[in-house]
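The structures considered in this document are given below.
Both complexes shown next keep subunit A, but they swap its partner, so subunit B is in the first and subunit C is in the second.
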Partner chain A sequence: MTANSRIWHLVLILAIFSAPLVIMYVYQVIDSIAQPDPGSLVPGAIDLSNWRFLWERIDTGRPSIWVVTFNTFLFASTTAFLVTSLSATAGYALSRLNMPGRPYFLGGLIILHAFPTITLIIAIFIILQFLGLFDTLLGIILVKAALELPFGVWILKGFYDTVPWEIEMAGVQDGASRLRVWWELVLPQVKPGLFALLIISFLSGWSEFVLPLVLAPGSSTQVLATFMNAVIQDDATADFGLFKAIGMFYSIPVIVIYLVFQKQLMNIYGGGTKG
Partner chain B sequence: MELRLEKFTKRFGDTTVIKDMDLTVGSGEMIALLGPSGCGKSTTLFAVCGIHKMNGGTLHFGDRDVTTVPAQERSVGVVFQNYALYPHMTVEQNIGFPLKIQKLGKAAIRKEVERLSELVQIGELLDRRPAQLSGGQQQRVALARAMIRKPDVLLLDEPLANLDAKLRLEMRSEIRRIQRETGITAILVTHDQVEAMSMCDRIALMKDGKIVQLDTPEQMYSNPRSQFVAGFLGNPPISFLPATAGAEVVLANGQSIARPRDLQASGDLILGIRPEHFGPQHGEGLQGEVIFVEPQGREELIDVRLDGGGDIRSILSAGAPIRQGDRVNWGVATDSILAFAPNGVRV
Partner chain C sequence: MTSRMLGIGFLTPAIISVAIFFLLPVLLTVVFAFTNMSTSTGIMGGDYQINSEQLRSVSEIGISEESVELLENAGFQITEAGLTALAEQFGDETAEELREDYLGETFTARRDLERVLRNLDEPIRQTRDRKTAADLFAVTIIGERFDTESQFRAALEKTGVDPVDHDTLTEFAYTGWTWTTDNFSLLLELPSTLRFAANSAFYVVCTLTFNIVFGLFLALSTFYLPSKTANTFRAIWFLPRILPPVLYVLMWNWFTWDNGFIATVTGWFGVPPQNWMMQTTTRAWTVVILINGFVGASLGMILFSSAIKAIPTSMLYASEVDGANRWQQVRYIILPQMRWPILFMTSYQTLSLLTSFEYILLATDGGPGRSTEVWALAAYHTALNNYGGNLQYGLGSAYALVLVFIGIALSALYLRFFNFKELLAKPRIEQ
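Moving on, here comes the complex of A and B:
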């Protein structure tokens, strides 16, 4: 009974502290599909006109929402794929191969991960300009992937560290090359880590705002974050209903991914030590 | 196939772990590398299978020099202490993996897997995954996988260390049976003397990177070359008592026993007396007090503190009317005494 009552206390405290967030989300949904009376918290008639961006252009100067969504998806998924595949090899090397300067490399990874991106933005801008990748999706994909890599390498190194050496030794004794041992015997053991990293870097790419804003400002490379920014920014009278509806649209994939892949995402914090 | 290791030297950084070691394992023979942790037995094993590079010396399988041959091409089967089964594969895929690497056809692999699973008696488990098997079954799978390529040499690295006592007994005879049936040359690495003595044709006892004695289990037990060997083999262990040999042998505590007939040396010695060579069945001679009685079911271990100092152990059939605190006067089978010089060398 005491345990139960303690849980009730927790629930109450959590409810109080998360109420503002929950209320915000509730009104996000309500306001996107209803016309509120001024000054009233009670929604009036249902009105779907805020969602008009789905079937028409909200004004002529802007790209269609579907092009923008496709851009965002391309940006996030390519980044996730790049980060995961590079981390899979780099993490293995750092975990297993006895290369010179390994401790410094590992320390460097942590520093890079902690480094605030925004302080690098001018240098990155100049590099992209020089390479002719400014205002292209490829440019921001490369930049985003590079900035996500330290985290990914570090996480996957941790997963590789839990794979017993003997499995690799056994593979070599069975006649397999090192490459084959890695691909067929070791990689399957870190699958939970690969999967979690794939999802996390996809979500990170999906919500990226600063890099596209600064490095790909053109309308043909717009992603949802910069699209929303533009909608709220340049109208004389801001259309908050429209803004909220696009916000909803933007967050639906994130919510779905979290609901579907919760278990895999938790893996990354468990360190992948499940037997 | 005969395995010949000559002048094997291994260094890790600046430390020389093994220097100029020679070891020959006859064709179809099973040999134990026995020794305390850190004696270099696993290092030797890893050098034979090719995971460690040798810093000196040569290794031959039969007439083939494999000193510089990479592990993949050595034709060595290894069973690891934790079995190292591939967790994401079924038992059948695990056992068949070495053949898959050799690009054999599916039917051929299936046939070989069935032959091996019959040999190690796990035919009904082929569809399971390693996590669904008991320790003993995993062990059998590891054995089958190590042997499916018909390797020249089979290496077993502490294969029984992770098993419980009953399974260990069962797998001891199983491994021996499989090794005999296939006639494969095998090396067993272990720190357990019982395992080494019960499973192997010969034992190489190692200490500090050297083989201190290479002999059959019987010879090693009854005719140890040094105090270290005598102390390492035997369960319950041998007792050592310092003594001086003259016309008769006087122990450091002042008591004396008859001089063993074939003892050549005189002066300061260390006597090694095995538990079965001390007790009432050998008459009288040494006086002391029973300080500990340890029942072991069929037998009892009795620790005696001799008058004037020194402990000696005896083993008697259970039911002997001996209690802690009893005064005893028991004899020693003097001709079975092992005598060592103060530096530990047998005399």
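Moving on, here comes the complex of A and C:
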């Protein structure tokens, strides 16, 4: 709307409210590379010793950061891939294919989408023990993928809904099977959706904390979230410089993805994901 | 390939994983809530065993003193099984002689049996050997492990314990989990139940109010700002949503702990360093609500911003032409249009705040004391992580079951009330 001369009032109020967050962000960076002396907020000299976790074990009995990072990457990327591929087929089936019970599947999907999955964690904990998948990466990958699935199917179904029917009609009339039509004609149309879902489920896996904490507590299956939490819990002196350096390292992919895809992310999160 | 077959084929993998990790857990939560499953009972079933430590508490469950005596020291009986073992170790003749004279006989005292063994024609001469031999005929079930109920009952029979006590003892000896409704009566009895429920209600109401009011404020104010300034603020407020929770809460820890930001700044004015998160209940609640509130307000900002953008600009221009000021424009044009997004945000967040415990777990872990322990966190602590070490899956499931019911009821209700298809608007992703 039209500019207003008193707009700076608004900016001032917003700035005051945003101050805690901005201070946190700024000192998140400062503390990790140039920690101020106790009782002061002026950055000290550049000091990379907080990053020592990258080239040595911070204490014995803790897995190497690179193993943990690899675990996290494996967990997040496999989950993202599984969610995206299963949603790509299920979303298409729900959007386009005529099959028995479709309305029930759709209703079920909507309920699952709203249902708080975290309440099921006790039962899932015991199911994984039964299946022998407790404390394995495979176990948490399967669980995480399954729990993300309703969201993924919902998003991709929305994308399929916008693909014009004419494209499929043309393919079918030329004698292609529905499978081939989907693979060669429809799937390329929803590429942005597949890509967005891939990114979002990767981010979600990368940040996941409770599932690895409960379902894979061993040190060989540690991911960055549980690794960082364990370091914070075990350290009696509250060495924030170290914590923040680990936090910086942990959040690099998130920040990069955020900077590159900021606009798309805001849009898809605005589309009503879980919060 | 027909579209029907393809549809089923396409849907099957998703259905299988949903069945294993959604439907089965819902059912199992119900099932587990009616068991006393815990770390000590295991989850796979169990065997039958009474150890010497448990023996002390046997009389408390109504077993007579005599039976307890018999369980512990049922004496010795000359049985075929014992004789076979004896024959192997001490020769056939000794065993044969014992069988002829004493088969079926019982000795209450070890001394008596050992005397018999010494006085045989083919005696067992060493004292130590006699002890070993006597042990072959010992009738006691303490410390012995039985795989099935019938084995245990047979052993009970042998001890001569009054049959009246058999059922109680069998139940007592079972080490696996059993069906019970105790979890629910316990929930009704415990004073903490009410407290956790009250904590949850307080937490949800406060956080939700903060989310909506502040989310609206963010959305409205950034709407009126020049786009560059607005984008800066949007970026600041969007980050909490995508930063990993562990890192986000760490930043709050730094902000509030006794060597953190607030303590440093207040320290300049002579306030002694203290933990601004955990010192008092009020502070703990404030921080918990702010931590969740900032994340929620960020979602609110995004949702409300896109709803405001959807309002036709002609309406806004028209109001300006009619001489409405900013406040009137917000009050009479924008807010009425925000009814559905606010309602959606309220219902959605109610459910997710009620059941999520991640941020509270990371920040206060329910403390100080258990003052910020919400219902969902209590379920987690009971079943998956407590200081006692005995994880009570059954009781935890009873806690969780309450949430599962609320979850199903509310999400089904939302399905009816809202046209979810419109509310969860189609993703609008720029290409």
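Keep in mind that, in the parts below, the second predicted complex is superposed on the first by the 245 of 275 C-alpha atoms of A that agree within 3 Å, B and C clash if a C-alpha of one lies under 4 Å from a C-alpha of the other, contacts with A are read in each partner's own complex, and residues count from 1 in each chain.
Convention: contacts are C-beta pairs under 8 Å (C-beta built on N, C-alpha and C of every residue); 3 or more make two chains touch, one makes a residue touch a chain.
Fair warning: this is a prediction, and the values are worked out from it, not measured in the lab.
> Subunit A superposed: clash or fit between subunit B and subunit C?
Overlaying the two complexes on subunit A (C-alpha atoms) leaves subunit C and subunit B fitting together cleanly.
> Which of the two, subunit B or subunit C, is in touch with more residues of subunit A?
C
> Which partner chains sit in contact with A:P188 here, subunit B, subunit C, both or neither? Use first/second/both/neither.
first
> Identify the partner contact of A:R52: answer first if only subunit B is touched, second if only subunit C is, both if each is, neither if none is.
In the superposition, A:R52 touches no partner, neither subunit B nor subunit C.
> Of the partners subunit B and subunit C, which touch A:M169 in the superposed model: first, second, both, neither?
first
> Touching A:S177, do we find subunit B (first), subunit C (second), both, or neither?
both
> Once both structures sit on chain A, report the angle subunit B, subunit A, subunit C from C-alpha centres, rounded to the nearest 10 degrees.
Taking subunit A as the apex, subunit B and subunit C sit 120 degrees apart.
> Just to confirm the value: shortest Cα separation between subunit B and subunit C in the superposed three-chain model, in whole Å.
10
> Taking the two structures together, which residues of subunit A meet both subunit B and subunit C?
On subunit A, the overlap between the subunit B and subunit C contacts is residues 177, 275.
> What does subunit A use to touch subunit C in their complex?
Residue list for subunit A touching subunit C: 1-4, 7, 10-11, 13-14, 17-18, 20-25, 27-28, 31, 38-41, 86-87, 89-90, 92-94, 96-100, 102, 105, 107, 110-127, 129-130, 142-143, 145-147, 149-150, 153-155, 158-159, 161-162, 177-179, 182, 192-193, 196, 203, 206-207, 209-210, 214, 224-225, 228-229, 232, 238, 240, 243-244, 247, 250-251, 254, 258, 262-272, 274-275.
> What does subunit C use to touch subunit A in their complex?
Counting only subunit C, the residues touching subunit A are 1-4, 6-11, 13-15, 17-18, 20-22, 24-26, 28-29, 32, 37, 43-44, 214, 218, 221-226, 229, 233-247, 250-255, 257, 259-261, 264-265, 267, 294-296, 299, 302-303, 305-306, 316, 320, 326, 329, 344, 348-349, 351-352, 354-358, 361-362, 376, 379-380, 383-385, 393, 396-397, 400, 403-404, 407-408, 410-412, 414-415, 420, 423-431.
> Can you name the residues of subunit B that touch subunit A in the complex?
Residues of subunit B touching subunit A: 49-51, 71-73, 76-78, 80-88, 97-98, 101-102, 131, 145-146, 149.
> Sort out for me which residues of subunit A touch subunit B in the complex.
These residues of subunit A touch subunit B: 164, 166-167, 169-177, 180, 185, 188-189, 275.
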